[in-house]
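Presented sequentially are two complexes of chain A, the first with chain B as partner and the second with chain C.
Here is the complex of A and B:
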């Protein structure tokens, strides 16, 4: 296991390097200049432009800029944002906890509601509730998250006036709608996954054997079905995390939540190179770590899996 | 039950596709033509021209129905073209990687690993930021950032199929690698490729709409579904119908594509029948 983890972590280094190199190159192919963003309408005096370039090191050749950037990143310094008064480090430190709180909350809601619903629907297959769940989860998965966001905002904030649209960190009510929106996709994905997994197991030979041994329904469920039916959920966690990240771009932008997804969208729109680079690298590192933990824990709970 | 779902989703998709294709014939307005009626409710009649605005007008007096049809047309075009691009790149990479194996395979699979490290929409967003907000840029961004899944699928299928005797026979008769890939491997793995390229359509439609909604998609002067939703978002409290129509259209399309893809993959997967 240690060897496997070490191998994965060593492999992470070239991947992150490639991610940084690709993003860096792409970003610097962008037409336009952050030191003179609108030369037609609002030209910047040449002296100001050159001193701005000097300040941010934009007058150096690209390769030098990249190595400087990399050296700084390795020392834990992601540089300064071009549009925010904070440094990229400060933005990540400030904004990531908000996003993480939403992500974890949505994941908890998703697992907490999705697993029981999936189990119930598998046990009562083709019942009214099962059919209802199938339709609802399909609707939730197939509809873009911002469509639901707009509908729910219109319903709860616009018509019923129960919550405000704009996010206030200290007001617990303003956490409800974004959490529900992020969570319901996860609920739907988990429910479908659990239902399909459990159904497959319910018709397998060893469950029939367990029944014919005369075990009680609940014993069969708890000992055999639950364990084998829920294990594959671990493999879903990686894709769920990626899904949450994409969801956070949209939900955080809609509600004006000061999270990292929102910061990323702003960095793209404003072409804030250092922020864009920093957040992209951070996201890549985050997902890599998350997937590594998931992959490491899988053989621990399922002995049939081996580290490869 | 399943048959009915397929038929309904195909009908919905065709309905919108035909409406979108015939947009210029159906609607007497151009999508950017401004009229005298501002923020008119659905069904309002322009007194000067006696045209009926079935879905009302926006704050510049533009007919929402014609904008919706143009937007649907552009969104569908971008997404189908992106789907083709993804399929093309994925099939090419998967075929080469699976057939040759060894170092080539290793290199290509490492590249897919790197692409996987860009989570979700991140790569597409960076690409649009780089390429600008043209239609081609969004198309390329969606294509380049989504081909990895297809490549892995094709590679897996090729690894299985190339063990077949007919591949060995073709090889021993002196067929060149390209011939084997295109004439022997590709036709035999077309089913899964087709299913997968259908399955990813709703994701592409959603991604395109999400980019436009976040204002990083196609230039806002050209209407797309996501762009219209973004535009309607500003006036949601005063004129909710403006955002309602593109939202419903988008939801109908993604739902139909999802149902179609699911049924298709069920039909071709004997285990799930």
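Here is the complex of A and C:
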């Protein structure tokens, strides 16, 4: 296991390098110049533009810029934000906990509600509840989250006055709406995954065999169906967790939640190269880590999967 | 219930909730009557009587006056810093930290108009440590022109203040700038030529005093971090101090206890960063914001709401064309195109009435504005046809193909389609539509080699509130800002004389004459002035908008803004000066 983990970690290096190189290239292909952000209305005098470029190293050839950046990143320094007054490290340290709190909350809601719902619907296939769940989850997954955001805001904040529209860190009520919005998507996703996984197992030969051997219904369910039916969910969990913890671009922007997703959007709008690079790399690293954790946990759930 | 029925029911529910007309009225009625404003700490006055103004904000990079080109940002800096002068309600320079506005009569300006003396009053820094000195202003001016600092307004003093151009070009050290401290309380500015508008420049945010030891303190992650209170106290000189900057979330200004002017009435200004106008509007309705934007498609619905205010910006938009090449070298052709535009319909159809029709060159808010100028070129289909015929193109015959350039976007397309139909109807001219990307569009105005041929919409916004920023500077022969290639020696003579005129009365006459000459020549087709539209709660009092405030309403007089404790106090105190109430 240790050997496997080590091998994966080593693999991470070329992957992260590739991510950084591709991001770096894409960023510099997009038109727009952080040292002359408003050329139409307020063109920066050439001498000021060149001193700005010099300050941030943007006057160097792209290859040099990239290697300098890499050298700094290896020392744990993601550089300073071009737009913000903070360093990229500070932005990640400030914003990640907010996004992570929402992400973790949404994940707990998603698993806590999604798994039981999925199991129930699989067991009572084609019942009214199952059909209702199918329609609702489809609706939730197919509708863009900003549509639900607006609906819920007008309903719960605008009409019922149960919560505030805007997000205030120190008021727990204002965490509810964004959390519900993030969470309901995960509930829908998990419910569908669990239901499909369990159904597949439920009608397989070995379950029929177990039944015919006279095993109790609950034993079959808990020992065989559950264990195998939840396996696909584990695969989903890695990328899902990484995605959730780094924040939702849309929900964070709508509610004005100062998380990493919001920072990412701003970094694109303001051509904040270092921030964009930093957040992307951070996301890649997180994704890699979670996938590794998931892969390492497979054998614990399914002994057929051994490390090669 | 089968799937289909359920789905149908759900659709009905959703449609009911999201229908804007029904929805917004319901929300409004409820929120005004029953919502307990004290539920969040966000309403006008909380139980302890602390007055907090909540406004919709956006994220900024910094509040560094010398480094600011964005009007909204500059307006907020007006709460934190003070300069030599400031604009009064009529856009004229008024004293701020300087004791008086220098004139020849009071001896502040030398007889040759080249030397300005600003006497400073006793003005404390916000941390209570010391007072603003002439040396602080020297530092501010030097920061502005220092090419290494890279101010977007660094070139504004070029050709006006001694050595500014050479410093910007790296040929002279910043210390050679013609701004000197004669003693702690006397600042002397030496100009290279008489400039009647220098006091208007000295009223801009770029000359606000900043304290060197605060700007250049150590331990900051980057140069611009000095205005972030997370890295230590930010020292200013305005009615407020910045005390909290929760990035992408909230910016809090608190009353400056050491302010040397009239103390601010508000305790706090709380700007909540919210970019989505739908959410801002919902928050406003929920009493979480006092001043807010709203989705532009609600404009026609909200027009009758007394809380809606429309403030004109100091900008003029026009339809531009090259004055050098045919067919627009012919003034009659330019006239024909001006007559051919039904601006009232255009504003309504194309701009949703967010812009306001304007036929003069100077917009409201800039001294010298006169709405009666240019009205002779308003929409008149008969005159349009006649002018085009007189130019030798009866019914559009013989006219070379005319291109309309626009930024390819749905709004751009809408505009282009409207012009195409309008010019076809009135002049029988078929426009060739040329959608281009924003970058190319913008470059065409900076680089003479990349100028667009044909028609395009463009405009000019005031840097400072004075006609000099609009005349020779924009339409002078061979000026960099003269994108249309207009040239009239008479206009050049009058406008340059006005810029150098030391007698304000005479200068105003000359600027008027220059504007009349310009408008008579139809160098471009004047269209409209843009506005900022805001919802303002009736409890917000003494808001004084300014044509330069970039949508952050009331910026130049933050200290006057107050909040009524009682919601029933109403409209009477709201501004009428520059504000044009939407009807």
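Note that the second predicted complex is superposed on the first by the 295 of 308 C-alpha atoms of A that agree within 3 Å, B and C clash if a C-alpha of one lies under 4 Å from a C-alpha of the other, contacts with A are read in each partner's own complex, and residues count from 1 in each chain.
Here is the rule we use: a residue touches a chain if its C-beta (ideal position, glycine included) is under 8 Å from a C-beta of that chain, and two chains touch if they have at least 3 such contacts.
It should be emphasised that the depicted structure is a prediction, and the values quoted were computed from it without experimental measurement.
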Joint occupancy of chain A by chain B and chain C, clash or fit: clash
Looking at A:91 after the superposition, I want to know if it touches chain B, chain C, both of them or none. Which is it: first, second, both, neither? second
Name the contact category of A:253: first (chain B only), second (chain C only), both, or neither. both
Does chain B (first) or chain C (second) touch A:171, or do both, or does neither? second
Tell me the contact category for A:154 with respect to chain B and chain C: first, second, both or neither. both
Looking at chain A, does chain B or chain C touch a larger number of its residues? C
Just to be sure I read the superposition right, which of the two partners does A:264 touch: chain B = first, chain C = second, or both, or neither? first
Using the touch definition from the top, say if A:131 reaches chain B (first), chain C (second), both or neither. second
Which holds for A:48: it touches chain B only (first), chain C only (second), both, or neither? second
Just checking: does A:242 make contact with chain B only, chain C only, both, or neither of them? Give me first, second, both or neither. first
Looking at A:294 after the superposition, I want to know if it touches chain B, chain C, both of them or none. Which is it: first, second, both, neither? neither
Intersection of the chain A residues that touch chain B with those that touch chain C: 31, 139, 150-151, 153-154, 158, 253
In the complex, chain B touches chain A at residues 113-114, 117-122, 125-130, 132, 202, 205-206, 209-210, 213-216, 229, 233, 236-237, 240, 243, 247, 250-251, 254-255, 257-259
Once bound in the complex, which stretches of chain A touch chain B? 11, 15-16, 18-19, 22-23, 26-27, 29-31, 138-139, 141-147, 150-151, 153-154, 158, 241-243, 245-246, 249-250, 253, 264-265, 268-269, 271, 276, 280, 283-284, 286-288
In the complex, the residues of chain C that touch chain A are 1-3, 6-7, 10, 14, 17-18, 23, 26-27, 30-31, 34-36, 39-42, 59, 61-62, 69, 147-155, 168-170, 221-225, 227-228, 230-231, 245-249, 272-276, 278-279, 282-283, 285-286, 288-289, 437, 439, 441-443, 445-446, 461
Contacting residues of chain A [partner chain C, same complex]: 31-32, 35, 38-45, 47-49, 51-52, 55, 80-81, 83-87, 90-91, 94-95, 128, 131-132, 134-135, 139, 150-151, 153-155, 157-159, 161, 164-169, 171, 174, 253-258, 262-263, 266, 270
